[in-house]
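Two complexes follow with chain A in common, the first pairing it with chain B and the second with chain C.
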Partner chain A sequence: MVSSENRRKLLDISGEDVTSCYQCGKCSAGCAMAAMMDLLPHQVIRLVQLGQVEEALASRTIWLCASCLACSARCPRGVSLPNVMESLRVTLLRLGGRHLDPVRLPADVLENAPEQALVAGLRKYT
Partner chain B sequence: MGYSYFPGCTLRAKARGFESSALASARVLGIHLEELANWQCCGATFPLQVDNSFPLVSPARTLASARRMGERLVTLCSACYNVLKRTNHVMRTDADRRDKVNAFIEEDYRGDLEVVHFLEVLRDDLGFDALARSVKVPLSGLAAAPYYGCLLLRPADELAFDDPEAPHILEDFLSALGCRVVDHPYKIECCGSYVALEPGELASGPSRMVVESARARGARVIVTSCPLCQYNLDVSQQGAHGRNGAGVPVIYFTQLLAIALGLPEDVLGFEGHVISPGPLLRSIGAMGSEATA
Partner chain C sequence: MRTGVFVCWCGLNIGGVVDVPRVVQEISGYPGVARAVDYRYMCSDPGQQLIKDTIREERLDSVVIAACSPGMHEATFQTVAESGGVNPYRCEIANIREQCSWPHQNEPGKATRKAVELIRAAVEKVRGDEALSALSIPVTRRALVIGAGIAGMQAALDIAEAGHEVVLVERLPHIGGHMAQLSETFPTLDCSQCILTPKTSEVGRHPRIRLVTNSEVESVSGYVGNFTVRIRRRATYVNWDLCTGCGLCTEKCPSKTPSAFERGLAKEPAVTIAFPQAVPHKPVIRAEACRHLTSGKCGVCEKACPVGAIDFEQQDLLLEEKVGAIVVATGYDLHPKAKVGEYGYGVYPDVIDGLEFERLNSASGPTQGEIRRPSDGKVPKEVVFIQCVGSRDQENGYPYCSKICCMYTAKHARLYKHKVPDGQPYVFYMDIRAGGKGYEEFVQEATDEGVLYLRGRVARVFQDGDRLVVFGVDTLSGKKVEIHADMVVLATAIVPASGAKELARTLKLATDRYGFFSEAHPKLRPVESLTRGIYIAGCAQAPKDIPDTVTQAGSAAAKVLALFSAERLSHSPTVAAVDEELCSGCGVCVEACAYDARTLDVRRRVAVVNDVLCEGCGTCAVACPNGATRQKNMARSQVLSMIDAVVG
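Up next is the complex of A and B:
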């Protein structure tokens, strides 16, 4: 019961019903960020399917997803993984947390990064 | 050829050379870009939350004001293109969210505008054959690797920009300028995007793969239309990765365009590169020796 409720909350945010994922792993195979992730993208989806949302929320993967849409473009089941990743980030951010403190960004990043990187990053991380 | 034009924030700050090279090129090619009177930041990234339409407010406002100026809005930055075109898709197809956003911005905008990238203008309206005929300084044999990244291509059903797995618009553009196109397997892979803001060198791995995939195949320059890709690929070559002349400069497609059209160097605006494009462009005679880049 609890797990289906967790899943429904994420569905409201992401618009993505993860039940259609059949765990083929194609998303993870083509993910540019996979080497740095603690859970692979298809493993995050599996946790959400099982309603084990706490584990997914604790994963570094949700912050390393770059919203590049390579996975969703290739998923044979049409799963919008990037939306699911965002729904997990947003679940934490809407509680008032933030993943990145702009004040702590290194001076060279603040000085040299394009405005678009800063605005996009702060939108995804705060 | 007349269009309304959305520059976006980055082209007015860190990527000035992207805009100055584009506007100067457009002028000599007879493409008239009329800047929107009241534009604001597009938001830099398309929101992937369907229960929150607030991030659509700013791009929707821009779209509604562009619609009053005509039917086609041109952008240069890949991120602006992606956000504006995806927002336009929502305004066109999702009545529920459209009503919400329209109520907030006090407009009745229905997505009846076409958002086009400057590359599409060159391809579809000017034509790459006509472009080739306008070239004054052919970049004969310059080994150039196209880099698309994500934002021009995905999601393909909404953007319909090019083949999402095997795009060729940048290749065709580079060929028109006389370049030798270097194909490489990472041209549509992600550079790491905003994850670059994560502490440490963590996020530069994907960018290094992209640079290495182009360099290993002989590319002497990487060509992009995204300020964030430009930054990530360039910065990933800091230190050992770019030393000993092994670095590959990363530049905007419009900068190569301006060079090929024989425009003065002051429109190029090469600034703050880790790997400076100056030596390369001088070595092929595409830039004068006194240039500072």
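Up next is the complex of A and C:
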């Protein structure tokens, strides 16, 4: 269902008004993670514009986004996609039960994963 | 004083917010007001009749119209007042629409009070207004046209054909503008040179067009009907009076450097005629490339010339012309592709822009019209065209749409397909804007002919071996796409011609923030500038195609001709005046005036005003430390009583 209420809720979290996006797709065209994504970045933005956030929340894309800013640097309309991705993740994390708990990480992950990856992972998933 | 106040409802525009009957009631008792009436549309014929009748019945000596902005109807109501028998300069407008009902829509009570105050102030102003009569000025029936692209040429021809002399100033050595660089033109695919040369040669031989090429306007003074223009004709180092245009010099010259006309895709000699059909067909020496002018050596051309026309000593020439009207037609440039880093950093030779493609496709161009890519001369088999490069990109370019690139990209893709039938053109687009007679059909044919359109922007282009990798997206399928292309053509944004802002300063004209010349009204006065007697045409005003450019040029010419049809012109008499008793001759006002309307009479040591130059802005009146300068019908006493009427 199309809903402007949902769009506004995300706007409150991200501060990013996605209505300015004109769906040119330049973000997706340059996204390094696009091959792994089920929805392309511009499609996530479109779903947010329509307020159909369930589909965006269920996608792998929001977790795969590396927040590299390649998209927002190129976006002709000044949309900060990483902020929107973050607001979607935060929406889910606020529901609870999805946090990354360092104590419960398998030992081999803790030992072998680069520290930077752990820090980034904790930042993103908590 | 017997003032009539006429309050307009403007339908619901004013009447829907301001309580008009109440305003009429309150203002009726104000000192000096003989009668106050309201009407639904004061500008309508019955409204105007009401004003005239009331003037007669009440023997009014002044009127106040409370209505829309004076920018809309001041002239209308001044004429009505005059035909009713009231001096037109004793007619004042109280703007109760733009300055009252519109901005205060949610506060009708306060808006009503403000309307009353604005009207009271106008009554106070009119109380002090003198009866004036318009100033009359002569007209020089001769026009200056700046820029000789299709816009400037068309305007010059139309004015000259109507019987007036035209001075046509062009910065380059030749006329024709960008049209001379185009190969074929949408929507009919006729050869650009073939439709252009009849115009250029007509301009070249027209008895009433004085062609001044290789030249620029240095300064402009004066006012409508009476401009004085200084033009600098840069040295060509060739005496064009002697030169026969045989071209022997250009064949012999050993110093070859990239040609601007060929957009760097070919080299040309230092002494050059840019293209075969150039008008005037005379060479110029490009000083920066000439061995003789840079190091004193060579001089081969001088020996080659059979008529001794080479003149290394030639100097710039300063010309002065008197004209009555000016048409600005300086056209456009393309946003430099080097500024679009993500599409090749301006370094990959096979990433070219639209005009370069035109040159590749031109029979007289660097490849004799064969589509061969710049790096190795191979015929490209996969070509990617990218639209909206720099356009519609507020973050990294310009927010506006360049209007013509959808069309010329379709044209390029089709022309490529015609020349390389087994090649594949791809076009990345965001929207296709093809509003024009035969335009949509033209684009449809492109798809019929095998051009593949992909809806999406390209993120990056980079070189991989001898191919270019294009990272794009097709938003219709929701898929990222990667194309390995042999050549990439960028439809870069249309921007104002270099130097447009400086020229605007010379002419004291306004531009938008990008440098396109501003028209007086975006809908109703599209070819007039805000300065009387100066008009604009073609891409100097905004991006547009040839049909629109020619239309606008004709329209600018019509305005010039209308101006030239008057015996004398009138000028508003509400100008500054000097009280010579008070003036100390300090000259502060002379410095303050932006229109050069004031001078100092050194002998009598007083400031004098040139009435027809004065725009009535009032800066001098404020600047004068002695209170010696007065703005007619905007005297200090008038302003003070207006303020009293509002705050008192």
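Please note the rule applied: the second predicted complex is superposed on the first by the 111 of 126 C-alpha atoms of A that agree within 3 Å, B and C clash if a C-alpha of one lies under 4 Å from a C-alpha of the other, contacts with A are read in each partner's own complex, and residues count from 1 in each chain.
The rule is simple: contacts are C-beta pairs under 8 Å (C-beta built on N, C-alpha and C of every residue); 3 or more make two chains touch, one makes a residue touch a chain.
The structure displayed is predicted, hence computed values, not measured ones.
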| item | value |
| --- | --- |
| Partner chain(s) touched by A:Ala35 [first = chain B, second = chain C, both, neither] | both |
| First, second, both or neither for A:Leu69, with chain B first and chain C second | first |
| Partner chain(s) touched by A:Asp101 [first = chain B, second = chain C, both, neither] | neither |
| Which of chain B and chain C A:Tyr22 touches, first, second, both or neither | second |
| Which of chain B and chain C A:Pro82 touches, first, second, both or neither | first |
| Which of chain B and chain C A:Glu54 touches, first, second, both or neither | neither |
| More chain A residues in contact - chain B or chain C | B |
| Footprint overlap on chain A, where chain B in one structure and chain C in the other make contact | 35, 70 |
| Chain C partner contacts - residues on chain A that touch it in the complex | 22-31, 34-35, 39-40, 42-43, 70, 74-78 |
| Residue ranges of chain C touching chain A (in the complex, touch as defined) | 342, 388, 392-397, 430, 455-460, 471-475, 478-481 |
| Chain B partner contacts - residues on chain A that touch it in the complex | 12-15, 32-33, 35-36, 63-64, 66-70, 72-73, 80, 82-83, 85-87, 90, 100, 105-106, 109, 112-121, 123-125 |
| Complex contacts: residues of chain B adjacent to chain A | 8-10, 13-15, 41, 43-45, 47-52, 55, 77, 79, 150, 154-156, 164, 188-199, 202-203, 205-206, 209, 227-228, 230-231, 235, 272 |
